[in-house]
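Quick heads-up: structures coming right below.
You will see two complexes here that share subunit A, one where it goes with subunit B and one where it goes with subunit C.
Entry: the complex of A and B
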């Protein structure tokens, strides 16, 4: 059930995203932006740190006050 | 003046804790292990070298060992690591162990220094930790909280604590009466090599020695003879020549001659024939030799015995026999097992030390095996000569240590020790729970045994162990907590102390005959339970030793105790004793003078200076018996030797949170100790950087109005867990019965009791053995406003297949859209795979409410190349059924949330946040809570914090005065108006601020109901438990009710139709279960009938058939 709903049938062709457009991540130490493909070794090009944070949504978000 | 200086001297406690910290004992013991013990282990003769049986020339010698700073090696790059990085990346906070070795390679001697043999887990805050001696700024840079207790380990990203273990003390004689009314004196000898138990026991009128290597009890006279005591007279002299000893020993000596054992050889042969699993036949030694060996190395192994010189052992055995006879004549001489002076606490350093020694021995024996294998083969002349370094397996020590700490299973073959549950995951429920765990003592007693002795509070625990902080239920009294100022000693070298004792006039006992040893006025001196010698002037020895200790020439933790009744002096410098500091009193005057305190406040002096200058000293449990300790200044009399620094230190850090605990009924304080650890609050300054699986936080935590000294000392005021709620003690609406509380809706909207639930979810992209790996996949495109749920769950993903940071997710929403290759075995190239070769394996979010994705990061570690951690934060306002508690063991759930308009108010417009029913007070007798309210209320008008420190604190009279000055009632009562009618409430209402904690038990995490839902595959019955969306069980007792009532249809409906109905095909002729239209047994389709039965019943029949039991169904129509 779930399988049929995955990208491949809704999209004309399927891609692992890593092949399409690398997403950039922020190094946890120096703040430099890094781009990876999934096979890449996780290592900051600037400082060698190995923890990377994902950037926050670029567009605004509206939250319900709870 | 005396009042004033008394007020000031408790400044010593913050000074004490500033220097030592609450977990100093853990860190001290680990420091000792890393700096001293590890070197001793490696340099001990049994460990320091490896030899080969096949090549006499070969040797490997360890010259030194060091533990470096924590680091990690990745891609041949060694980089230092911080604890926080380990938490984030699931790494182990460990440092390389380096050795300097000297060995033979070919025919050359080679020296290598700095050779790594494994990784040692590093305790946070110890001497090898990067956090040691760092300022707050430096700690902040390493993303570490300055108030974190430390003292734990980080293994694979998980914080693990090695709990303090309580044990009976080793190498001491303990006299008891066993179940058969025999007197038993036993010693557990423990050395680095061996551990054994020797028992001297009375049986009838005779005395025997028992040991687990001997199959039978040996008459004591035979043991003496075997040890080389020739004359019977000598035996009497060793024990005592007084009438009672001669009488008691007579029968035992007679037994010797009945068995016709008169010489040493005969005695040894007798013992030799009683040795369990004797190796005499194998090794070709005689029984006599073997018996002598056993006596030398196994029996009382802690008493030194070189070259079969048994004199020390003979004397020790004499003492044991004497103790047995003493106890036979006077039952009062029996030792108390629960006396805390007879207990030792094992800490992380000692436990890891034992483990490391075991692993190091194994490491060496592995090397030896490898070396022997190489040298046993004929030498090949060509090629490089053999290098031992290749035989070293670095992983063994590393993994051995890591596994033990992460599972908590301490198994040491050498000591036959098999212990589980030594470590626990550090609880980060609140700051207090983490602190409470670090000061917790685990006892080795079985929980199931129904003995009250070890559970009840012992007089000797006073001041050392918190009387309030223990769990309720099965482990009550077995799990204890250290009091605030307790310090646990570490091992100290004995040589210096024994030398000192000898130069102070101790005479070696071997120079005395047995008779002289026991003459009056002569005190026998023991060092760590070992007889050292005798001294003729006990007071001189004791006073000089104490004087030397106060001068700081020997360790401040050495204890000297005089036991008058036994004519013994005990000097102790071993590890694991409990000590605490006292102010020294001389000639009715405290040695700590106001000027010293002034210097302390100016920062010119610290606590160690007080100790080094002999103003304050540490006493252990035994030495407390020799001291006359005044509780307060005014109690000092002529005999007083010491003064308590402050009485509130008898409580631990968790019980220290309670204001006015001395006004509460004792069990209430114990309840609060359990609840204080469940309160939501601030966990640390780095709480939003941490990645615990679940973290409960309080949104707007407040520091308590009514504080205690302990609160300030343990920094609870900086990391508080609760709110100062305005409470009116009155009845309201009937939704407040049974401890329920009424909450003001406006207060809750202002942030009262608002909690944050931080959850972390892991998903990793794995790499498989065939070179393939998981992949991330772009989510399906969502069309239209109302997509089906199976597509909608992908809504939060961005094009990377990972959830967008900042988005809102709900239960079932996908966080990481991952796919796994179907074929994980064969070698295929990744690029050749099609989409059908992957199956989806996405990670979903679970949680009751819509939740925000707070942050997401990716990291890697040597095991996992691509680790994705998603952290979500949910904000939860208090709701009906959430649990709250004050600091006095008074818990309650929210019974009703009322609009502020409907709450009662006073003429100033004040309105309570919470209404508490007054019925909570009379039976609970938590007077402390009433005082907290009055004190808090007066503090509000003064703009000052009030103090409810135990056995001190602000007086109710003073607080009342302040209230009156501010125009309020002296007793804290107010005139309130009814919120609904506006009329005056017909009574004065006791109201004011109380500190309330929100506990982790929240309705949202517990609420559960279901109609039709998942079923277990095997029985087709509904699943069990909330986590699996299970059904609500109609249990045996409920069933009994229905049977009793006769509601047969209801039972059938509940137990079958709503559970696991199954229509089975049964053959009427043979009574077997068949297929739909076919009975395989009768080979016929004629007699098949459909029968409704529970699926579990059908399953049972088939399972019975599988084990050759044929259940036959006899059908009849109703």
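Entry: the complex of A and C
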């Protein structure tokens, strides 16, 4: 087995919990931005919908309009 | 047969070639120039129909091609895309945005060299920020992103010098958004020519056709005249006092219906040096200006090559 995978498995299970900065997602129904922590239930605070889309990175991309 | 006329017969066009050089007929350049005639047939804000008589086909074609691909305009070239959560992929969105005609006189701007910065001299900057939301009552706002949503971001002292810039039309749909989707971008217009990319072409189309010359070979009266009138789908013929007359020769599309069964009545022909130009603008320049700029461009090209020829003549042959 791959070394790195093994070491990942041995990490404390709090690994994900430590990464506390919430990620925001867009609700598929009402469009509201929702922030989830790892244990949160996946439901929109606005409407209760359960499908979400991840926001794209805020870094700009440059394109040629051709 | 008149050398200056091409005939359409039942089977084939005839006398289409221009064999002589315009100067070989003993005409001087001054004579040729004084025979050139230009008449404006129709002028609207968006299109121009102009008659050019007395020029050779290569010159007419050069003018047409210059109008299509060498008269500069401003178009969006660089896009900084900060956010695009719409269903349209970034590249497609960038392409659509690039094609929006911008209402800006290109003669006020300079060409931007690839390693030059965007500046007030060579660039117009727009900002686009569109967000779609579902409101409390369920209704959706901002689901259409239109060209009118582009916000001009003037460079220092552009506003004082140029006034205001915006897209030619405010109602071009750029993208449609679902609730929560967002497009945020910064758009930079540059000056360019249609040969690089069609978005810089100032015309929707610029074309020419030869003027039709339609004559009746004999007197057509009575039932024949009415038949002839009904035959033509473009209403070229009319009946006056029981006799057929050619009323609107310009409407002819050369469909040849009037000579299909019997070609003894009508002679269909084209005047070889009479060009009817139709110029349709995208909106940045008036069609008249496009034509004028094309002539300037052609003159510059001619001057360039004249210069080259003179240099060649002056260099001693070894």
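Rule of thumb we're sticking to: the second predicted complex is superposed on the first by the 43 of 66 C-alpha atoms of A that agree within 3 Å, B and C clash if a C-alpha of one lies under 4 Å from a C-alpha of the other, contacts with A are read in each partner's own complex, and residues count from 1 in each chain.
The working rule: a contact is a pair of C-beta atoms (placed from the backbone, for glycine too) under 8 Å apart; a residue touches a chain by one contact, two chains touch by 3 or more.
Remember, predicted model here, so these are calculated numbers, not experimental data.
Of the two partner chains placed by superposition, only subunit C is touched by A:32; subunit B is not. Judged by the touch definition given at the top, the superposed model places A:64 against both subunit B and subunit C. By the touch criterion stated above, A:50 is placed in contact with subunit B alone, subunit C being left untouched. After overlaying the two complexes on the shared chain, residue contacts for A:41 are found with subunit B alone; subunit C is out of touch.
In the superposition on chain A, subunit A positions 28, 53, 55-56, 61, 63-64, 66 are in contact with subunit B in one complex as well as with subunit C in the other. On subunit C, the positions that touch subunit A within their shared complex are 75-85, 90-91, 94-95, 97-99, 132-134, 178-181, 186-187, 197, 199.
Subunit A contributes residues 26-33, 53, 55-56, 58, 60-66 to its touches with subunit C in the complex.
Those residues of subunit B lying in contact with subunit A across their complex are 74-75, 77, 79, 85, 88-89, 765, 773, 775-781, 790-791, 798-802, 804-808, 819, 835, 839-840, 849-850, 852, 855-860, 865-866, 875-877.
If you check the complex, the residues on subunit A that touch subunit B are 1-3, 5-8, 10-11, 14-18, 20-21, 23, 25, 28, 36, 38-39, 41-42, 48, 50-57, 61, 63-64, 66.
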